[in-house]
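Letters A, B, C and D mark the chains as written, and numbering starts fresh at 1 in each.
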Amino acid sequence: MSTEYFRDISKIPYWPSAGAKDVLCFKHYNAGEVLHGRTMEDWLRFSVCYWHSFCGTGADPFGFPTLYRPWNEGGSAMETAKKRLHAAFEFFTKLGVKYYTFHDRDMAPEGSTLEESNCNLDEMTDLALVLQKQTGVKVLWVTCNLFAHPRYMNGASTNPDSHVLAYAGAQVKKGLDVAKKLGAENFVFWGGREGFLSIYNTDVAAELKHMANFFKMAVAYKEKIGLKCQFLIEPKPKEPCKHQYDYDAMSVIGFLKHYGLDQHFKLNIEPNHTTLAGHSYEHDIVMTSVFGMLGSVDSNTGSPDLGWDTDQFPMDIRNTTIVMKTVIEQGGLQPGGLNFDAKVRRESTDLEDLFIAHIAAMDAFARGLRNAVRIIEEGVIDGMLKERYLSFKEGIGQKVDEGKTSLEELEEFIKQNGEPKVTSGKQEKCESVFNHYL
Amino acid sequence: MSTEYFRDISKIPYWPSAGAKDVLCFKHYNAGEVLHGRTMEDWLRFSVCYWHSFCGTGADPFGFPTLYRPWNEGGSAMETAKKRLHAAFEFFTKLGVKYYTFHDRDMAPEGSTLEESNCNLDEMTDLALVLQKQTGVKVLWVTCNLFAHPRYMNGASTNPDSHVLAYAGAQVKKGLDVAKKLGAENFVFWGGREGFLSIYNTDVAAELKHMANFFKMAVAYKEKIGLKCQFLIEPKPKEPCKHQYDYDAMSVIGFLKHYGLDQHFKLNIEPNHTTLAGHSYEHDIVMTSVFGMLGSVDSNTGSPDLGWDTDQFPMDIRNTTIVMKTVIEQGGLQPGGLNFDAKVRRESTDLEDLFIAHIAAMDAFARGLRNAVRIIEEGVIDGMLKERYLSFKEGIGQKVDEGKTSLEELEEFIKQNGEPKVTSGKQEKCESVFNHYL
Amino acid sequence: MSTEYFRDISKIPYWPSAGAKDVLCFKHYNAGEVLHGRTMEDWLRFSVCYWHSFCGTGADPFGFPTLYRPWNEGGSAMETAKKRLHAAFEFFTKLGVKYYTFHDRDMAPEGSTLEESNCNLDEMTDLALVLQKQTGVKVLWVTCNLFAHPRYMNGASTNPDSHVLAYAGAQVKKGLDVAKKLGAENFVFWGGREGFLSIYNTDVAAELKHMANFFKMAVAYKEKIGLKCQFLIEPKPKEPCKHQYDYDAMSVIGFLKHYGLDQHFKLNIEPNHTTLAGHSYEHDIVMTSVFGMLGSVDSNTGSPDLGWDTDQFPMDIRNTTIVMKTVIEQGGLQPGGLNFDAKVRRESTDLEDLFIAHIAAMDAFARGLRNAVRIIEEGVIDGMLKERYLSFKEGIGQKVDEGKTSLEELEEFIKQNGEPKVTSGKQEKCESVFNHYL
Amino acid sequence: MSTEYFRDISKIPYWPSAGAKDVLCFKHYNAGEVLHGRTMEDWLRFSVCYWHSFCGTGADPFGFPTLYRPWNEGGSAMETAKKRLHAAFEFFTKLGVKYYTFHDRDMAPEGSTLEESNCNLDEMTDLALVLQKQTGVKVLWVTCNLFAHPRYMNGASTNPDSHVLAYAGAQVKKGLDVAKKLGAENFVFWGGREGFLSIYNTDVAAELKHMANFFKMAVAYKEKIGLKCQFLIEPKPKEPCKHQYDYDAMSVIGFLKHYGLDQHFKLNIEPNHTTLAGHSYEHDIVMTSVFGMLGSVDSNTGSPDLGWDTDQFPMDIRNTTIVMKTVIEQGGLQPGGLNFDAKVRRESTDLEDLFIAHIAAMDAFARGLRNAVRIIEEGVIDGMLKERYLSFKEGIGQKVDEGKTSLEELEEFIKQNGEPKVTSGKQEKCESVFNHYL
């Protein structure tokens, strides 16, 4: 039996003309090339997501599955799961990506009882461990799917029924065990059903407390089993809920600080969620970085004119440049990375489209990285910023910056110095200089 | 000289037909009527805002002023300011509202120096104090206008130039003195320019630190002068900035907790800002109430299909009902209130439109209050909620609620009890029951 | 064998308290009551939709099915289809609604060939005809599902492959035959995949022409078979497409007029689609009515803070009032009606929730109808409008209205009469008067 | 007296470092360079707008003016107007742009009567004619400001008072005379107040008819005076109105066709308006081009996360590339052009920022043009498209395309040929290939 599902990418004609002058290959990404002191691979830490790329069917709310995947054909659920895992590792290897991410229920089918589900997971992660060792591919993060099963329709840790919360707790316990077994570098919580559909039937105060207590139990168990990975919360404003408690980066930070959980968590930012919350693409990445909470990035994109999560592959060089500039400035994402939480369109039905999409997105980020390195190394934009804030380096400004002055002293300063001068913000100049690097 | 600008409202024909069967009057609001243990006046604590109703001109980004106001005609800036103040108190009194709110620069014109501005403010607040004593009308809150003057174009406490920050500090110092002098019950900070227009020219980390230090100075000065009022921050996501740091309730809560400021501040929620942040009308009111941070409400509305702050008078009974339900459930807004941060449309050019708009909005809130009282006193919705969360009152649910269990115990519970049963969320039933009270 | 799936609604306790003082029943809708010259039933022409209420599973993009429906259990696809149809007619009858709507593929399962699908449809519509005659329930409209099958993923009449377009044509031919057989009063086209996901791979000009030609063929066939029903196009801006050609009412009107199709079509307006297009709830209903193109209404609602189609049951009395006011003013919707293109939430898992949702929505529209009748019969709002536009009833205004003047004459009028006087738009007064009727 | 307001741009240091290695200059735009058969100047037809760049003050709804412009200081209104006009022509010339656009009221101050306003306009356009001849700069388009004066607060051609409509007519008559006098190549109608604030006080049917009759009078007068320019309508969905009748391209096309006006008008598309209507940046440009109605472009941009018109200078190369690809494909914009309806930020207070912004935007469009030419000349994307729609070139597809088939024939085709094959839409590949050209 062959486990070969994918062609050699260097044989896929990329340029559409008959006499193809080009085959599918990276045009910008060069894993081992050193930029600004690290290899590209090390800056970018790409990861393939299991659910979209290996479990996705192309179904949408208005349409049936469109994606034929040979690993999904025939056999029992567990046999299919194994074929899928082999296919995935073949893909990771041929693509040359060193990390993957998955939900517990992506990798192993849910059984009719918790015990059966756990048993399935044990068997599948045994195989995953073998494949990881064979290939050197590692787990960027694991997460538990606490949203797809009907039991979670009204929430997992925020469910009005404590029985459901208990189920979620049991599932997370196993998920943490799996994270340890597979050496996952991070563990993600995405609360897709932790919120409400209607304020009328919801006790928000109770639900928030339960969610906090749930996280505390996860922290306790993590410490008990000596699991070293970073906990991450992934904000999303809405969809499937009308309102999710983890609306955006600042909502999560506020929640974590209120419940004394901020030392135990960082954030996994997905820009498609950020834009759904009404922010610009880079907003939550910048804000979490400023608050020291940027842990990892789900590198995808939406369309600004659409109001739901489209999970498209990121292609905009301007966006990838800003993200990578932030990443470099905070010294990298380790132990996080850039996870492609993105799916090929349901109309992109060729198996090669999986390669095309990943390669195009990796190239887009490689271009972003190169641009960001040039911006940082040339120092023009940074110089403009430094000059702009110069007044906080001495005198009254320095006192403000260090928290050593008072309203009385500020008033006295104005009485001495009068009206400040008008200073142009030079926004168009900054935009133009930024454009120069794209 | 007469300071009478407004007609007696009981003589304004309200119904448009020639043989008017109706004059302008409250149809639902009845100040002294006791509901659920307090007078309507005490639950609602209405306040008229000075800027829109007495300083507004009707100008918009595409049009010149449309509103002719007799108190703005003729005389020096200070003479006009005094006429305006007399007009306002005449309006408060005829309308029967006991509170007003104002920015420092609404009440007294800005001078060419800080000293001159302060001098103007002293003179005007002397007069205000006289009028307050004569009428019994009080200050719900004062705020400093740190956004309209060109010096603040790049921010006040987050300005890249510390000279500007110093000016803002001097202005707030005076504002706090004024708050004390006039017995203001609250003091509001709205950071209309505290954010950014472009991420490219902004040092977010520095600006947030400066903003926090600025608030700390305000707290210190407040304590120094023995000012008793409640400090309030008013979130807004954007406009005039592309992004304001005080994006929404949770952003502000996260910021306050991060900088250790949460004991000193509550929030002033404006629903038109909440909807601009992508939330439902009541969202920030509910969330701040849950976090014990709801201080006051800027009772206005926008249109869900518009992306800017229209500051319309609130007219939707469903919205006013939910707001009042939340207010009653937290035991009232004291020392906050319901401030009409709302403006008549620029096309509503009749002086009587000011009365019509306020009376209609007060009636809308009076209907909301009556509905909310019925909802709470009949207890049907509350009963549905209690039943829904009943499982947290005993057994494993109670342990979760009290933070006394663990993932291991939850797993054990599931091994014993298996799959939870499916329970309908009954959303349509809740909506239908809610409709019953509207 | 019993085909009884639903309880008698008069035995379902509605009020949640133990000693229920109330059972499920209409509180406002009274089918035979005459208002403004017609029965409520005749003004409202309610219709139940087949897909959401009988085929819906509760699956969403993030979750598996939640809704257990006894008629979906056991048996072959055709056996299930028949049980479903019996259940539906039982529901229509117990609810007291006289119309239903369906897609071809809701009623009969798709076969492996067109012939087999058509055969299934013949068998199912034979049964439908029997049940229609037995119950008196009629078809408000039929539509063909040209979006769910994978073949339509890139469009039906706008597919880049003419083979797919041909398939859609064959399917519509059969759909029209079915419409005739069952006496459908209307036939709807909803182009869920008629648009694009990416402008980069789309030839918009070609696709629009093909769509127009497709409609022309449908008109020709309708005339050929003597089908009397009204053709309706249902606009939607996006979802599943990034952009649908039938974006909103005016887009469809522009398209129809450009291709000379406007005599053959009216519009079926769904307010949840209207708000997704950035309009207010009532916008497309008002605009189509003004252009003489309002044919029918999919009476549902979304949430203004959500960017996708939630298809909720309409509960807002303000909205139902405006819709019914427009409907009355144009003399009714005949042969259209109010079709509940709405689904119970996936968390509303009780079978009784189907009744609760429909009854609550029917009551919401009954209240809207009563309000609208009062508004129209009392004439206050209409009087305000008449007075506002009075200047077009004589003199220069009348000439403008009748198209009998010129810029030169207008200039001469201004030279004679100078500046117009300022007239308040009285928006708050109108809103307040409108509130009076809610 | 010197009329020199601006420095020589080649002396403005552009790169911020002290030892400037760079002065302000075009880096991509090269007016005379021939690409795809025309000069860049000829493809791009840049135009400077008068209102933002010469009349703008930097005031916004929350702030006072910030922009000090020397030509606005001192003197009477007419003296200032003349200084402004000299400044503008100095700027056009130094920038090297051959077109400008203006509103009647930008160029000459409104008088206290129509006659006085017209007299001011005569005097100012005499001067403009002299300066046009001296410099060779021409008028891309004129428009009448029918929105800023209070008389137009409730609309101009849709005002409920026919007296106001008459005023607007008189003003347009003069505007058309001015267009002829100055040789304007186009005349624009932007209906900023042609819509409604509230549906409650609006007779939509009457207003639409009056607007149509107004346009008919304008067409008649244009023909009478032998004015050769192209009439253009500029859509905008909202702001200042809650809803504008000219919502987007398709709304305008529907309106024009309904009233038989489509032969006399094309559209002036502003992408910032397009995105406010919920579309992607390029949508209305593509749609009008497909319908043969793309007349001119107001080349600006907004921010996708903001809900109002920010009129920023266009800087995104992806956007400029798509626009120019569409422009080239329709054979150019003549007699239209790319008008910079964009304003420097109110914080960009240096006079040089005007140059920086225009040069950066012109460079952005020059890059877009170069990219578009490469895309078109290399033909890869076009080849992919042609292949995708190939089936419409023969057989049943060709019959569909030519409107020569029927549903019966399509059904027969399917009976013969069965199920179509699945064909990937290759969206990611298209995006990737497009990225290759950026």
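Keep this in mind: contacts are C-beta pairs under 8 Å (C-beta built on N, C-alpha and C of every residue); 3 or more make two chains touch, one makes a residue touch a chain.
Bear in mind that the values here come from a model prediction, so they are computed numbers and not experimental data.
When the interfaces C-D and A-C are ranked by how many C-beta pairs touch across them, C-D comes first. The pairing of subunit A with subunit B is characterised as same-residue: of all residue numbers used at this interface, over half are used by both copies. Relative orientation of subunit B and subunit C, expressed as the C-alpha superposition rotation angle, is 180° to the nearest 5. Between the CA-based centres of subunit A and subunit C the separation comes to 39 Å, rounded to the whole angstrom.
Taking each chain's centre as the mean of its C-alpha atoms, subunit C lies 36 Å from subunit D. Contact with two or more other chains is made by residues 66, 150, 153-154, 197, 238, 242-243, 276, 278-280, 303, 305, 345, 347, 349, 384, 422-423, 425-427, 431 of subunit D. Judged by the touch criterion defined above, the protein chains are all mutually in contact, each touching every other.
Within the complex formed with subunit B, the subunit D residues making contact are 58, 60-66, 147-150, 152-154, 192-193, 197, 238-240, 242-243, 276, 303, 305-309, 345-347, 349. Residues 113-115, 150-151, 153-154, 160-170, 172-174, 176, 197-206, 208-210, 213-214, 216-218, 220-221, 237-238, 242-243, 247-248, 250-251, 253-255, 257-258, 276-280, 282-283, 286-287, 290-291, 322, 381, 384-385, 388-389, 391-392, 395-397, 400-401, 403, 405-408, 410-411, 413-415, 417-423, 425-427, 430-431, 434 of subunit B are the ones that touch subunit A when the two sit in their complex.
By the touch criterion given at the top, residues 14-17, 27, 66, 68, 275, 278-280, 303-305, 313, 315-318, 344-345, 347-350, 353, 356-357, 359-360, 363-364, 380, 383-384, 387, 422-429, 431-433, 435-436, 438 of subunit A touch subunit D in their complex.
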